[in-house]
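Next come two complexes built around chain A: one with chain B, the other with chain C.
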Partner chain A sequence: MTPAETVAQAPAVTTARPVRPGLFACTVILLRKDLLLEWRTRARLNALVFFGICTLLMFSFALGANAMALREHASGYFWLAILFASVLSLSESFRVEQENHSLDGLRLAPANGRAIFLAKAIGNTVLLWGLGAVLAPLSIAVFDLRVVMSLFTLAFIMLVGSMAISAAGTFYASIASNARARDVLLPILLFPVLVPVLIAAVKATTMVFEGDPMNQMESWLTLLGSLNVIYWGLGLVLFPRIIEDL
Partner chain B sequence: MADAAFHIVDVSKRYGPRWALARLTFSLERGKSLLLTGHNGSGKTTLLKILATAMSPTLGKLTVLGHDCHEGREPIREKVGLLSHASFLYEDLTAAQNLVVLARLIGMTDGEADATADAMLTRVGLAKRRDHPVRQFSAGMRKRLAVGRLLLKRPELALLDEPFGELDPQGIGEMEKLIAELAAQGTTLVLATHLVDQGKALTTERLHLEEGRRVEARA
Partner chain C sequence: MPSWVPLVLLLVPVGICLALPFKRDLLDKVWLVLAAEAVFGIGVGTYLALFSVPPERDMGEVVRIFAAHVPQVQNALLAVVLNFGCSLWFLIRKSWVADSLAESSAEVGLYLGAVGTALGAIWAKPTWGVYWTWDPRLTSAAVMLIYYAGYLALRRFTDNPDTRATWSAALGTFGIVIPVTVYKSVVWMKSMHQVQSSPETVYPQLVTAFRFSAIGFLCLMIVFIYQRYRIAQEQLKREVAPPEALGAPQGAA
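For the complex of A and B:
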């Protein structure tokens, strides 16, 4: 069917003003939009994965052929690769909103500011988690790691780690996207806040490969969980104000 | 003032040290259409953005469609449409996808959104480009799609910032027709343009700005 035929069959526009979607429905609509954008620009997505792989491999080259040291620090390299890649994906997800002031278009639609935050943060979580799913097997192969705990635990650590990076990152990317030096500003703002996330995620991930004789896993995961509560909570409260008062 | 489309009192807007609007007082009845004129930099865009609640005035009071702008912007935004210099379009989404996102946000179901998007694309003459990404569009086509976005919302107050910009003569003619249709449907219009003749034919009221102040229009 050609577009013209589709139009011919289209029902007339209804006259009553429809009821606007609530927070959850609005988040779903915006998340679908963001994922659709990612899919339609998947060349950039491939570049992101490639960047992550490169970063990971560069660490191993930098350290040379010291298999012991590589294995010991593998989790650190893994999370640094995700963290560096996250800067790219986060600034990209706000660049598409700045290009034609689409974010203003969303605000005036009007879309709920908290829904905009949730959609961006969830979308970036999905992206970083997916990146982790590519980098994890690669790290295991390259650094010759043995998985002592379950892969499910690893997937869970990757999820809470990605969530924390994405929530804080979405918040700061929205601030940085309005500055002229946005590409430099985002990591400067974001990395200091993510130090505790990095420490906790690296510790927990190391235990997946080296075992957890002291039963510390739970405390690191609790820390990651608490950081998530703080970042997502602050994001939900502050993000709508940030995008309003520019 | 219940039936005013908007009512502003002493509205001023400052960017850094410079006042873009200075103590502007004006009101427009519902169903009327206003021609907003003035040289480049006289504050037209600033006024439209303030009316659309895209930005807040530095000073002054503002009521749009019966809602005070300090008591929440969402009720105003639901009923106001802004055709801005910026198109609000996503470059990497298709024409149809851009409209569907907005249609979903204002509460249409997937089916309604698709049908409405197609109807709008036909109305603005972009049906053949339905599935092309906006990145491949010319400036005039973007303008048309941005108009489709505005019409889709069926605003009670339509704020049009330079609607004839970037359009070819045929496009200008079609735009005039669309604006006339909007006015005929009872939509309150504010039309900022430097094409005074076209503007005058489409509107009943006039507001002329000079350096952010209201002055009597000479032309």
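For the complex of A and C:
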């Protein structure tokens, strides 16, 4: 090959460099990776479902055979079961990244910090929503509930609620998973910020089972929606700063 | 005494706080003035509330505790909002002043909030009949205390100053949701607790005593935060600086 030919080939070499995926593409890739990892073992999904069912049944044992009280507070137990289970799911989603320092690898890849947040939060939303889909029919059967509104409304409330839990939870799990007392720290930090979510989701779910004579559903859903905007927005802005400093 | 008299006292802390950005070391000299004003304000407020205000028609003698309960919780919320401001300040431009201020305001806010909540519980026993009820305002206040206790716990559990500052700044920024919930809880949800007090809604004879006490507690909060801030700065210096820079004997073996 003559030197002139080498020079002529040079641009071809530069264009062959891999293109860095944008935020959306990067999120999709990372989400696929997370879900694939989960699907191969299904350990987290099993743990979540059985933990959720266990919590739900524990509430009814703790209250004794008072069917009236159980029915009245069923949506509260339902959301508490999801909330307790979410702690397992969230800490596990960052524990897998700490084995072999994979989070460092991801950042060197280089993956966008926001994409990592979005992928983790969406992945957790999917898992929690799936857990809700298992727990909802179970609560309806166990607590003897009547569905007054449509099941689509219930599915929508579950989706918005799990989104809020996952966004705030992903943010706090990323901090807590690296501190010394991680198992204690995550619930202490996460549950207080989730109180408004819990109130709104429980109220809205209660209306699905008991009807909505005062037309309050819309305002509770608005509150849930605005909390989602706050949590996802703050998470997107702050998360890259957190993983920078790990 | 007309009820505007204590408002004159407000000029001192507000003036000092407005001058602080221009003269950073101002508090080193004048913090004793603020401390004196805190003692004076709280003293006069407590005296008036205990001895000069007549018992209220419905609540009777218990109403006097408001002169201590409301200012403490107000200042706790103020300290927590300051924590949010400092956290944001740290995230935007990495300033150690902001980090130390955030730590001290969270600690002082936690203290004032805990004492204020306890006083509220003491007031609630004769009035509502119970110390504690799962009312939105009370619950959200308790949740705020837990959150900032968690914030301080995270600071203790993290050894690296850089990491600690960034993480706690992120927590402080995220945490603004909670004081807003506490403040708005009486409006958003059906609550036994009365809505935010204003001079028109509180017991009229108590207003003067209340204002003295509120301004006293404001000065107390500033003094507490200032002193805690100095400790935090010293700790940071110790952590970041090498031992010789701290005046350790060199070559003494």
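A few notes on this one:
Basically, the second predicted complex is superposed on the first by the 230 of 246 C-alpha atoms of A that agree within 3 Å, B and C clash if a C-alpha of one lies under 4 Å from a C-alpha of the other, contacts with A are read in each partner's own complex, and residues count from 1 in each chain.
We take it that a contact is a pair of C-beta atoms (placed from the backbone, for glycine too) under 8 Å apart; a residue touches a chain by one contact, two chains touch by 3 or more.
Model, not experiment: these values are computed from the prediction.
When the two structures are aligned on the shared chain, A:108 is found in touch with chain B, with no touch to chain C.
In the superposed model, B is the one of chain B and chain C that contacts more residues of chain A. Applying the stated contact rule after C-alpha superposition, one finds that A:232 touches neither chain B nor chain C. By the touch criterion stated above, A:99 is placed in contact with chain B alone, chain C being left untouched. In the superposed model, A:36 makes contact with chain B only, not with chain C.
Residue contacts after overlaying the shared chain place A:21 against chain B, while chain C stays out of touching range. In the superposed model, A:180 lies in contact with chain C only, and not with chain B. Residues 244-246 of chain A lie at the contact with chain B in one complex and at the contact with chain C in the other.
Put simply, chain A touches chain B in their complex at residues 3-4, 6-7, 10-14, 17-21, 26, 29-30, 33, 36-37, 40-41, 96, 99-102, 104-111, 244-246. Residues of chain A touching chain C in their complex: 168, 171-172, 175-176, 178-181, 184-185, 188-189, 191-193, 195-196, 199, 227, 230, 234, 238, 241-242, 244-246. Residues of chain C touching chain A in their complex: 91, 136, 139-140, 143-144, 146-147, 149-151, 153-154, 157-158, 162-163, 166-167, 170-171, 173-175, 177-178, 181, 189.
By the touch rule above, chain B contacts chain A in their complex via residues 52-56, 73-74, 77-78, 80, 82, 84, 86-93, 97, 101-102, 104-108, 112, 115-116, 118-119, 121-122, 127-128, 130-131, 133, 149, 153-154.
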